Structures are given as C-alpha cells and as structure tokens.
Amino acid sequence: MTFSSIACVGIPFIGAGLLRRTKSRNATALLTWLTTTIVFGLSVYFFVQTRASYPLSDMTAAIFSLISAFTWWLVSFYLPEYMKAEERSRSFFIFFLLTLGAVQGIFLANNWIVLLAFFEIMTVTSFFWVIHNQNQEAITAGYFYLFLGIAAGLFIAIGLVFINSLGLPLEIGVNLVSLSNSTLLSWAIACLLIGFGIKAGMVPLHIWLPKAHTVAPTPGSALLSGIIIKCGVYGMIRTAQTINLTNPMASFPTNTGLIVIILGILTMLLGVSLALLQSNAKRLLAYHSVSQVGYIIIGIGTAIYLGNEGSYGLAGAIYHTINHAFFKAALFLGTGIIYLRTGQQNLYKMGGLWRKFPITALLMLIAVFGITGTPGFNGYVSKSLLHHGIIEAAAVGGGLLPWIERLFNLVGVGTTASFAKLYYLAFLRKADPELEINGKENGLLIFPLLIFALVITFIGIKPELFLNKAIILALPELGVSSINNLLATNFWVGREIFNMIITLLAGISFCAIGFRFHLFHYQSPAWLSIEYLGRNFIKGLSYLGSLIERKYEQAMANLSAQAKTCYTWILNFSSRLDTSGWGASGQISFSNINFDVYLILIAFAILLIYILL
Amino acid sequence: MAKRLVPILAMILVIMALYVFMLAVAELPPYGNVDNPAHNYVYEHYVNNALEETGVLNIVTAIILDYRSYDTLIEATVLFTSIMAVLITLKKGEQH
Amino acid sequence: MVALVKENAPILIVIASLFSAYLLPVFMQYRRYGIVGFLALATQFFVLFGGIFLATQVLAKGSFRYILAGWEAPWGLEITIDPLSTLFLIMIGLINLLILVYALPSLADELGNKVRATWFLTLFMLLTAALCGMALCHDLFNLYVFIEVATISGCAIVGAKGDARSTEATFKYLILATLGSCFVLGGIGFLYNLTGNLNMLFVNHELAQTWSNYQYALWVSLSFFIVGFGIKSAVFPLHVWLPDAHSSAITPASAVLSAISVKGYVLGLVKVFYIAVGPLIVASLNISDILLLLGMGSIIAGSIFAIAQTELKRRFAFSTIAQIGYIFLGLGLNNQAGLTGAFFHIFSHALIKTALFLIAGFILIKTGKSQIKDLTGIGKQMPLTMGAFTVVSLGMTGIPLFSGFIGKWNLLLGSLEAGNWLAILVLLAGSILAAIYLFPIIKQAYFTTNQDYAELKENTIMIVPILILAGTVLLLGIFPRPVLTLASQAASMLLGQ
Amino acid sequence: MELTIGAKLLNNYPFLGSLIIFGIGCYTVLSNSNLLKKLLGINIMESSIFLFYVATGNIRGGVPPIVDLAQPEALYINPLPTGLMLTGIVVSISVTGFALALIIKLYRFYGTMDANEIFEIRNEGKNNGSSS
C-alpha cells in the first residue's frame, strides 16, 4: 500500500467526520466536493504512479479506483442541487463520503480480509442511501439490501475461512489453484463467486437490486448502479484470478467458466425482459443494470472458460464495467433531473420533455447510444469485445455456446427496444397536459452529465486509447497473458458495425411494434394477464410469507424464553459454585486462604502423579 | 460423607506425590560427587579464573559482585521495593 | 550519545525504569510532584519507543543477545532481544503509558496525598522495570529475582488503597504469590542440579543430551514451574487470589495487574518451557496436554464464575482468568498457529482488559456505582465511555474486525491443525460465555432508562486513554499485521523453525 | 555399579530432607490460622529450597570457595549456588518484611492476627450493616 492509496481510503472518512461539524448547507456541499476532488486527484496520481511502475504494481486496482473516484467526483457536483429537495441531506452527504472511502478500500485492498472488512462497511453505509426516504417502500427495500449484503459478506467470509484453513495465503492476486487441488478450494471459490455475485446482482440473487435502486435518491441510484455493484464485479474478477487463468480447462473444475457464462446470459435475459415491462423510469434503468452486469459476468465467464486465451472476454468485462459506470450514471442523473423538476417517474405520464430540457435530452440521447451499443459510442466498444469473446468461446467449446451467442444478440435487441421506448415516451412524444414542470435545467445538474457524455463519445471514437494504455496492462497480472490479438483489435470492422446496426434497427422496430400492439402494457382478459397471475401469485406468496413470519416470531419468542431460562440457570449454577468454597461472589474470601493453599497443593500433587499414569 | 472423604483423598494424593518425589530424588546426581553435572565447566571457570579475572579471593564475592552483578542490582531493588511496600502499607504519607 | 543509547537500548530500558523508580521519592522529598509525574510518563515513553526500536531491529536483523558487564554467556549474564520480548516491551510501554495518563490526574486524591501517590508511582515503575526485565532476561535465576520484584511491587500496589478489604486481599495475594515463587525457585534448583547452568540456552543444550536419564526429576521440576507460574498467572485451579486482589485495588493497579503483570508470568513459563527445556522435551513429557487442560478449565471456569459476579470489576477480574485460559490453550497446542494465537491474544487482551478496568474505574469515579445492576441507562449519560465499552466487549467476544478475533482465529487454526475438537468446542463456548457475561452490561447501559444522574461530563483527560484503547482494538482487528508478524516470528523462534 | 532406589535415596539424603522440610512448611501454612504462623510456614519452605541449592553445590571433601594461595590444588565447593542463595535470602527477608507490615496493618484493623477471627468480625460487621 502506498501513501496515496491509504489517503484515498482515509480522506473520505475524515471528510465524513468533518461533515458533522459544518454549519450551513453550502459548507456541507463544499466540503463534500472538496473531499471527492482530493480523492479523485489522489487516485489519478495513484493511477499515474501505478502506470509508471507498471509490471510491479496492481493495474486493476488502479483502474477501478480511478473510475469510482471519477464518478463520485462528478456526482458530487450534482448532489447539492438535487439534495435541496430532500430532507436529512447532511446524513446523506456523510454516508456518501463514507461509502466512497469503503469503495476505495475495496478496490485498493491487497488482502481478502481487508477487502471483506471494507465490503461490509460499504454495505452498511450504502444501506443508509437506500433507506434515505424512510417510507415503507424504502425501508423494505433497504432491509432486502442489507440482508442480502450481509449474506454476501457471510458467503465471502466462509470462502475465506476455507481458503485460510487450507493454509493458503489470503493475499489478493495469488493463484490459489496452483497451490492446492483440494475440493474445499472449489467450495471456497464457489462461495466467493456467490458472495460477490449477490452484490453484483447475478441471477437468481438479483432481487434486491431493482428495489434498492428505485427507492434511493437519484445520485445514490446512479452510484449504486454505476459503482457499488461493480464491487461485486471486481470481487468476481479477483476470484477468477485465484483460479488458474493461464492454464484453464486442465486444472480447476472445468465447467466453472461455463456455469458463470450461463448465469451471465440468464442475468442478461431476465434483466432485459423485465426492463421491457417497466413503466417507472428508474426501475427500468435498474433492471438494465441487472442485464448489463450479465454482460460483464459473461465476459468473466469466457475468461475463466478460455483461460489464457480469454483476453477478449476479460478486457471486455473490465471495459464494460467502466462504460456501464459512465452511461448508467448519466442515465440515472438525467432521470433525476426530470424527477426533480416534474416529480414524475412514470414514463407514461411524461412526454415532450425535449422542449423544456433540450440539453438533458441531448446528453441522455448520447448515454442511450452508449448503452445500446451504437457504433461511435462507448458501449459499442466493450460489447464488441465481449461479442468477440463469446464467439471465441463458442469456437472452442461448441455445444451450448453458439446459442448463447445468439441470445447475446437478442439481448442487444431488447436493450435497444426498451431504451427506444424510454426515450420516445419521455422526450419525443406529445406532452401530457397534466405534467407540471417547475424549474429548468441547471448548470450544476448538467455539468456531470456533460462530462459523462463527452467521455462516452470520446471512448467511442478512440477506443484503443484506454484499452491499450490501461486495460491491457491489467490483463497479465490477472493471469491472461496472450494479449497480442487484443492489441491489434480493429473496432471498425464492417461486419461488426453492420451487426450492431441490424441489432439497433431490430430493436427500434420491435419497439414500434410494441407500441402499435400495446405489448408493453398489454391488457388481456384479467385471468390471462401476467399481472393477474402475478397478483394472485404474490397474494399466495404474501400469505405464505405472513404464515412463515408468524411461525418465525413464535419460534423466536420461544427461543428467547428458553435463552432467558438458560441464562438464569447458568447464573444460579455459577453463583452456587462460586459461594460454596471457590470464593465468595462480591466479597473477599479471606478466610479461604487455607482452602486456597490446599487447592494449590492438591493441584501440585495431581500434577506429580500424572507421570505415573 | 463427602466431607470425611476429602481428607482421605488428599492424604492418598500426598502419599503418591511423595512417592514421585522420592523417585525424582533417587534420580538426582549423587550428593557431593565431584562429577555431578552441577560441577561442570562453569564451576571450573569460576574456581580457576576468578582470581585472575576479578582479583578477589572470595569466589562467592566475585560471582555476586562481578560475574552476576546485574542480579545483585536487582536484589538491591527487591529490598528497595519492599521498603516502598512497607511505607505505602503503614505510613499515611503526611509530611507535617 | 545517540549511538550509545541505541547500542545499549536493551539494558537501558530496564535500567532507566529502575533509576526513575529510585529517583521518584527523591523528587517528592523536594515537593516536585510535577516532575514525578513527568518522569514516570517519560520513562514509559522510553520503554514504548525502546520496544518499537528493538522490534524494528529484530525484524530487520533477527534476534540478538546483549552481554552484561562484559562476561560471556555461561559465566556472566546476558539478555536476549527476540520478537517475543520486544512484543512484551511494546505492550508494557503502551499499556502503562495509557494507564498513567488516566491515573495521574486523580491519583493523589484517590490515595490521600501526593506522597502516597509518589510511592505508588515508584512501585508502578518498579513493576514496569521488573516486567521489562522478565521480558528480556535470559537467565533462570535472573528471571526469579525479577519475578520477586514484580510480585512485591504488584502486591504493594494492590494494598496501596489502604482499606481493610484491600489489605486482606494483598496479604492473601502475597502469601500465595510467595508460595508460587518458592515453587519457581525449587524448579530452578532442580534444573540447576541437573545441568549445572542457569543460562537458558545452555540449560537447553545440556538437557538435550541427558534428559532421558532424569525423567522423574525433570517432571518434578516442570511441575514446580507449572504450579509456581500457574499461581502467579492465575490459571484456573490456582487463580484464587486474583479476583480479590484485582477487584479491591485502585483502578490503575487492577488494570496493570490484569493486563500485563499476569502475562509477565506467562512469559516466564514460556521462556522456561520453550527456551530452557525445549519444545521437544515439553512435547514428549506431555506437558502440552497439561497446559491444554489448564487452559480449557480456565476458559470455562473463569467465564462461568464471571457470570455470577454482581460487581463490575470483579466480573472483569474473573474474565481475566478466562482469557489467561486462552493463552495457556494456545501454548498447549504447541504448534505455530497456536503459539501465534496465544501471543497475539496476550497483546489484544492487554488492550481490552486495560480498557475495561479503566472504564469501570471511570464509571466509579463519575457516578460512584460499582454494581452492575446500578448501571441503568448509563449509556445515555456517558456515550463515549459506553461506546468504548461496546467496542471492547465485542473485541473480547472475538467478533471479526476487532483485535480479539485475530487471536482466537489463530487459536482455532491451531486447534484444527492439532485435530483437537475439544479445544475448538471450548474456544467457541468461551466466546459465547464472554458474550453472556459482557452483553448484559451493555443491555443494562443502553436499554434501560429509569435513573437520573447529575450532569456527567466526560471531557476530562481520563477519557482519552479509554478511547485510544478502544480505537487500537479496532485498528488491530483490521490491521493486525505488525503485531501478528512479531507473534508469529516469536512462535517460530520458540518452535525452533 | 547400579544402586537400588533405596541406596540412592540414602545417598541423596540432603535433597530428600530439604523436600521433607518443604512439606513441613506447606503443612504449617495450611494448618495454622494465625497469619504470623502462616508467614513462618512460607519462610520454612523458602529455607528448604535454600537447603536444596546449597546441597547441590556441595562437594564431599571440598573447602569453602575462598582462594587460598598456599594450597593451589585445593578442591573448592561450587560457589555459584551459595552466591545465588545470598540473593535468595535477601528476597526472602524482603517478602517477610512486607508481610509483617501487612499483618501489623490487619491487626490495627481487626485487633487480631487470626484469619478465622478476622472472617467472623467481617461477617458480623456485614450482618450488622445489613440489619441496621
């Protein structure tokens, strides 16, 4: 750990401590901004330093730290303006900074235990973002978030316990599979993958994600989607590193990679299909976080599957992590502006907003281009890398994998369709007469969006720059050493672009068809509708839930009564032991000095006799 | 019942412990023998070289005041400690 | 000058604390109580930084020895500077410094006047010097003399309060501790009889060749040591003096006794068994099993007795017995992880127990309450203190992220390695029992409110050491590396790896 | 020549004697409730250990370890245990002094030196205190 990395972790905590003392709202905002700025500067410095001492140092950590600090820094411009409308803004600011520190700690930790510690801190502090509004929905979502977060931490802890009990080092970046071939290690790695998968929103443990991201204040949602779930992704990358990436199919349970790929594609499909049905803008974006994390997981999966040859998958995963942070944060912040000025999150009640918010509309369009993978924007770059990866995996593996490649394209269509829907409903369509608009766009609100849009476009136009200067450097230390193909990647291949454009067109036409035939809010007879079924299903579930809850409460009451009895019993027992000869509770047992000497001598005698036995 | 048993038990224990003691004492090097491990190179060094090295005729003095003088410093400290202990136990500490 | 100090730092640590002890009454003779306090603090600083300096040297260059008075090893005395002793020096310096910072403002009031306070400080410094000496010594008889200094000064600071209760406890402590010293002296006598040496390395060397001839005699000698050190370090059936002494003494005295002094004797045991006798002989004579049994008995019995106590300090005193059990258990496991866990636990328990006693004393000073049932709603009045208490008791139970966890974790690993399932069970039971005897206090403090205290102010300097200790417990739980390195190096040194 | 255990024991009589005195000391500590006598018991135990050391250092036919220049070939007894016991005696005296001071203080509090009586007095005080 260098000084700058420790400072990256420590300064947000110090800043959060100072925030308790600030007098005015402006001072709070300024202090927050200052802290994030310092952290951003430090992480840039750290990045540069890491690059300078390249093969010796940890590039992956530097990249993740830089991206998270950058996103935080931009959001801190947006935050004060947005939080004017919210209550208890100070506590949000404090937890904003605490979470920054924890996230930096996760990315910069060089030891699994430290990583776990910061992971837990991050869970708890970001829990306060989720419950910030303190209404029923927020609290339910918050507890979902907290419990699954703690479950994730437990899974990780169990994995680490397994690793440690095998006598393997707990340093991050050690290739564990080459040190031991015990089955316990596979369990350990499975536990780690599940633990980090929960945080990343992997199917079937993604359930907390849409709830939590919807109820948090928008800057919180942006960071939750942009960075916090990337902590899980980061953990999965680090876990992949412990599996022997340089020598893949021979060493470790061969189907690990395949399982991860299948989980990834399921995550994508589920996320995107649920996203298509949403009418709440933030919920739609949240489900897209699930599906985009699926892309990343597929990348990691291909890297595990292909091992040394999996450079496309891994580079694509890291690149998509970064890109997703940018465009998803931008999209959330854009929706936040609309929500701030109209109080509306329902897409069907918006409309025609491009007249009132022209700059927001433009910048969000760029972000939409990014997420749909339009050539010339950043999403295209990472998606084509991931696509490359999956094609290579299909070429090696065959079987299921070619189908996964097709589904991969299908998800692209779904993504485009749902964003076309979002953009059309919110901006292009005729305005809803009931929509009230108070206020306009504001420089501070627009600024982070602008920067994000610039970065999105810049990466889209010059994708090689960041790939060659940073991501490729991170690959060898992660265990993927054949990077020559990647260095020579040409993103502007006609076939790829054509493929993408086909996907886009298909998506838009699907969207148009959807609107034409009301697929997105399809009203069939009640007994047939998904909602009806769903409602009954949920009714049944809730009945079951309440039943279980009642039983659980009874059991807990029983248990606590038992525990109380037990405690009283222990108390009585020990006090009886204590007063009858061993010493008197609460008073000096001076007269027992004879007894004490006796005890010592008997102990001595027993010790002596021990050798005869 | 139990109260009567306890001393008997203790007595048995003590007798068995004494037995082990005797075994141990029987194992010890014979008393007063020159070849005992206790009279090894350390002893020889003290007896042969104490006069040259320290210039003291009494070898015991040479040992406690020169070879093991650190021990003697601490021994003096024990005395000092006990003086302080007696002071803090018995004296009120008021000077006037 | 600096070079001279650096070169002779090992012996200067002991000598400096001794001489500052000699000087304290002299300064008081001229009514310079300020200088007395300053000198005491400065000496503890010196011990702490000396310890850290030596630790860096040991980590850089490995253990080394320092020859005293110019006489080579078997004829003269030497002291050894290894990871274990530097770990102890750091612990002694840190804990004593914090205790002094806590104690100095109120010491004169608590003991009656400044003269008695000076005497108390003198004894405190003597105890420090003796413990440092025990950490550094490499000679059996030298160890014994230091033990005597520590015993007498330890007894005296218990009796410093001067009321009937503490005097009785002191007498009991003195009689039993002297009994223990007799046993230790007897054990040393046997070892000397068998080897003709007092220097631990030479004893080890001689024993390695001849020990099979003297099995019974060696056994008697080791039994003497177990009982002697067992009494002094208050392991379960021999613990009888501890609760009385620790609960009746004034706060700084009970803190230093519970946190450091008891472990000094454990260190003596470790030195005799692992350096002088050697781990091989210890293992083949089944001494390890006895230590293991003593440790397990201590954990269970100490915790169960602690539950029954109604007085705060007495409960903590019994908890010390339980925690000493962990250390003995680690020593009995006789493997790398077990010893590492034991040494780490020594350090972390020193922090935790000091904090607990200081908190108990602070509550006593501020509210006059010493019974647990009177502490209702104190969490609201003294948020900082009880916050620290919560942190520290979480540490004691061994929750991850607190320093207690690291030690217990290593102990668990050691038990796994030894395949000792009983030890694992006892370790887990110990954690649960610790929760049972500590958490009701937290519950009492936070979740009951039916008592009004007068305005309580926590803004004295006395709160600072408590907060520092709680912070260190947390910090050490997250970054255990420096202490853990010393502990594991000490373990591998003792096991001869 | 292999000796029997009995013969070895007889040969090592000083060690056995010192350990027996150790036992007597223990018994004294145990059986007397008078604090002073307890202290004496401790002293007896310490003395027995001193005896053990001195016996270890003895050599049959040796002379005291004071260099006699007239007799260069003299066989001296082992000076080291003797030296150690000088220190040991000082330690023993220190402990005794401190313990005596404590006994004086207890006598001032309770007017007796008997542990049992002290216990009764304490209990009475406690009962009175609780009843009043």
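Letters A, B, C and D mark the chains as written, and numbering starts fresh at 1 in each.
Definition applied: a contact is a pair of C-beta atoms (placed from the backbone, for glycine too) under 8 Å apart; a residue touches a chain by one contact, two chains touch by 3 or more.
Source: prediction; values computed, not measured.
Q: B-C versus A-D: which interface comes out with more C-beta contact pairs?
A: Most contacts of the two pairs: B-C.
Q: Using mean CA coordinates as chain centres, what's the chain B-chain C distance in Å?
A: 25
Q: Based only on mean CA positions, could you tell me how far chain A sits from chain D in angstrom?
A: 72
Q: How many angstrom lie between the CA centroids of chain B and chain D, rounded to a whole number?
A: 10
Q: Taking each chain's centre as the mean position of its Cα atoms, how many Å separate chain A from chain B?
A: Taking the mean C-alpha position of each chain, the two centres sit 68 Å apart.
Q: Going by the touch rule set out above, which residues of chain A reach two or more other chains?
A: Answer for chain A, listing residues that touch two or more other chains: 588, 590, 593, 597-598, 601, 604, 608, 611.
Q: Spell out, as numbers or ranges, the residues of chain D touching 2 or more other chains.
A: 15, 29, 38, 56, 80-81, 87, 91, 94-95, 98, 102, 105, 118, 122
Q: Multi-chain contacts in chain C: which residues touch at least two other chains?
A: Each of 141, 145, 148, 152, 155-156, 159, 167-168, 170-171, 175, 179, 192-193, 215-216, 219-220 in chain C touches at least two other chains.
Q: In graph terms, with chains as vertices and touches as edges, which category applies: line, ring, star, complete, or other?
A: The chain contacts form a complete graph, every chain touching every other.
Q: Show me the residue ranges of chain B that touch chain C in the complex, using the header's touch definition.
A: 20-21, 23-29, 36-43, 45-46, 66-71, 73-75, 77-78, 80-82, 84-85, 87-89, 91-95
Q: Would you pull the chain A residues touching chain D in the complex into a rising list?
A: It comes out as residues 587-588, 590-591, 593-594, 597-598, 601.
Q: Under the touch definition given earlier, write down the residues of chain D that touch chain B in their complex.
A: 5, 8-9, 11-16, 19, 23, 55-60, 65-67, 75-76, 78-83, 86-87, 90-91, 93-95, 97-98, 101-102, 104-105
Q: Can you check the complex and tell me which residues of chain D touch chain C?
A: Listed in rising order, the residues of chain D that touch chain C are 15, 22, 25, 29, 35, 38-39, 42, 45-46, 49, 52-53, 56, 80-81, 84, 87-88, 91, 94-95, 98-99, 102-103, 105-106, 109-110, 118, 122.
Q: Quick one: in the complex, what on chain D touches chain A?
A: 26, 29-30, 33, 38, 115-116, 118-119, 122, 126
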